[in-house]
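Letters are used for the chains, namely A, B and C, taken in the order the chains are written, and counting of residues starts over at 1 for each.
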């Protein structure tokens, strides 16, 4: 592909993942870096996450989203890492040509030695949920409402029902309440919450907002503006129980029903995605199947905490730097398999014989379970846990020593329940 | 008496079990993964505190994110929001600037927690 | 004083109005909604039927076949996406096969070209995902797909560019014949005077006819529910797949759209409220179940939205196009194949007016062309850079899912017929129509609308009326 300029490392996305990856790559000796950010500032979605709870793991103190982002932004600027704002990447090729567009340069193509994907994720919209009824105004994803309230200073509504108990939904329940709205209920289809326990405590319980587990919104009412919703209890197969239908008057429905990694560019480059995570399949270095293209943060898999996004970005940044310098320690190939109770792992493949932290999520709430890692019949690792929940990402460190013992080229993560 | 709490100090969200005597004094705390859980349990059983985050309008337009520099008494959260809502920040406000000094006599400042959003 | 008032800015009213301006008439379009294309035009199957469905000799048959022939050139002139993807009516048993053979004969009688019956192995060569139970199909290579609201907006816009006037929020409740012209009024005091009236009021065309004393027909609303799938699924089929009509009903269709999505539906349910476009769990379940029989491997977990539309079903069984009294034309009951027939209906209206004694001559300065609204992402790098040099806002992507730039949105807001709300921008530019459904970009589009229309941020609506996006400011 023809190109207009070259760079050692192009990072797509200037949010927490992109900035941390850039800093890690710079620290590892890469000078020629270019961050491409579609918004008008660095920081990504953290800019609108004005609540606290960020940074305990990374900085040992509780920061708000903008504060957390600012720490990285300041360092990116101090390190003079080049970045372009208002720049939309429109195409990525397997040979690492990145085509982007902005007002100053128009459409341009950068040929990169390595690329880090850090585009983040988007929220699952209403249409995908298949709620029936009318199509009035007043239905927003929690993140859209967050943007209106926190960044624009507008109230998208006053009488609110929230569907889905993801963290953004819980945070917005509190935020809307503090701004004078009445949040009538948070409905969660599953029998457990998708958000962190602390957010249920401080965002719902503090304000007496009911969390209705095993409930969903069955119907939307109102022709122009939303006038109400019908909520309904669901059975263990998530089917609505008609006699439990209940009309709730409201002018706003916020949706917090899951996040989807934004991988259109990745797909365009022909990189295959993990069906469960929605992100690329990567090895321990966060390298995709396409050589020299790495991924980190929510574009790879959805994280609960930005601190872990930063950790992952550091891995991707360092690995990209090593790749650019021509270092490769690839010696082995171990595939990581899961049993379904464990939904997925990141990475999905390990290619280096070094300590590797594996992140994973479970598919249901499990109490008193044992996490097992086996190489065929041989047990490599086991750990008993009190409670595992889909809303909370877990991690296990596989040591180089453990990995060196793997014979079959494949290890299986599974969960033994009732122990 | 026993009280169950979810610790909100960190994302781990430990389930705390607190044994209280007849006067409401804490006899024991269990379920906490770290010692900060004990402090939280003590505060929560005697004088619960919360951090408040919000936004303040800037003179001449725009918004800035703000937060309480440290937690304030939980009972004052809505009062604190009133103060925040009634305040305008200077147009050249920056992250870390004090927006309201000693809010509601708590000894806690409201500070800018971001840069201006337009 | 106008020469002619067209009541209703759906796709039929739009193409009729455009045709009238071609013949130099001074046209006013009266639309009760806050935008054009809000009725049946907004939500239908988006199909240009080949013309084998309607009975020989009916207006439906005649206008469908003619419409299908001229649709492509109309779309080309108006910058509207059109694709001749062909259609298959699939049969599951011998009874279906007989029906398909009858349709083949009917189609030939109607003048449809290229029809043939395909056996399963032949179908599999052109549609690999055809349903397991399908044994044969009627293949119509002239079947096509088009975007109905895009066609409507473009036709209204082109009519306006040629001098027509559009009055929105004009709810016609009285039509008075005052000698040689009509006085048309609304309850909120709007008035239009025109020598001729064309009633293209869709579901409400019976109400409009009654205003001049014509109660010879009635219109029922038939609701159809649809599912729209992500572009990832757009190549599930390449043809439009219909089900052979049988005792079990008409089935649904599975079709790619001109924008690359997959459309599945509709149900058919007669309803009383002519504005009730809600979806139901039962309806959408039915759509899914029927579609799966016709086409296998439809990824229903990739649904990006569901919607329903109302078809205006007339009481006569055929299109109702007549002159119940001098200078008043009904164009009613334009159910399927209404979209396919619309360009031919426009021609037909000119013929009727001529027959009723109006002298109509083609204007020499008529401009039949209109630039497409959403095109930037299809240009070459060089073409894009030339535009960006002049208009830097074209480099600013607002809707990242559909790759719609600020330049396109601004142009849409500044172009006839101007949108007044978020849905109006959506239908013109596709912004917010992608997989995130406006999650990221709608706050920004609200800002652009507020700025361009000179209204407060809080006044911006989703689709007119009281459909406000925000209800107040924080801190108040």
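As a convention for this text, a contact is a pair of C-beta atoms (placed from the backbone, for glycine too) under 8 Å apart; a residue touches a chain by one contact, two chains touch by 3 or more.
Here the structure is a predicted model, which is why all the values come from computation and not from measurement.
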| item | value |
| --- | --- |
| Centre-most chain, if every chain is reduced to its averaged C-alpha atoms | A |
| Between the pairs B-C and A-C, the one where more C-beta pairs touch | A-C |
| Distance between the centres, which are taken as Cα means, of chain B and chain A, whole angstrom | 26 |
| Chain B-chain C separation of Cα centroids, rounded to whole Å | 54 |
| Centre distance in Å when chain A and chain C are each reduced to the mean of their C-alpha atoms | 39 |
| Two or more partner chains touched - positions in chain C | 474-475 |
| Set of chain B residues in contact with two or more other chains | 55, 57 |
| Per-residue overlap in chain A, given as positions that touch at least 2 other chains | 151-153, 179 |
| Interface residues, chain A side, partner chain B - complex | 47, 50-53, 56, 62-67, 70, 150-153, 178-179, 196-198, 200-202, 206, 304-305 |
| Touch list for chain C against partner chain B, complex | 474-476 |
| List of chain B residues in touch with chain A within their complex | 5-13, 15, 50-55, 57, 63, 65, 67, 74, 77-78, 81, 95, 113-115, 117 |
| Contacting residues of chain A [partner chain C, same complex] | 38, 86, 88, 90, 99, 101-104, 106-107, 122-123, 125-128, 130, 132-137, 140-141, 143-144, 147-149, 151-158, 179, 218-220, 223-225, 240, 251, 260, 264 |
| Touching residues on chain B, where the partner in the complex is chain C | 55-57, 84-85 |
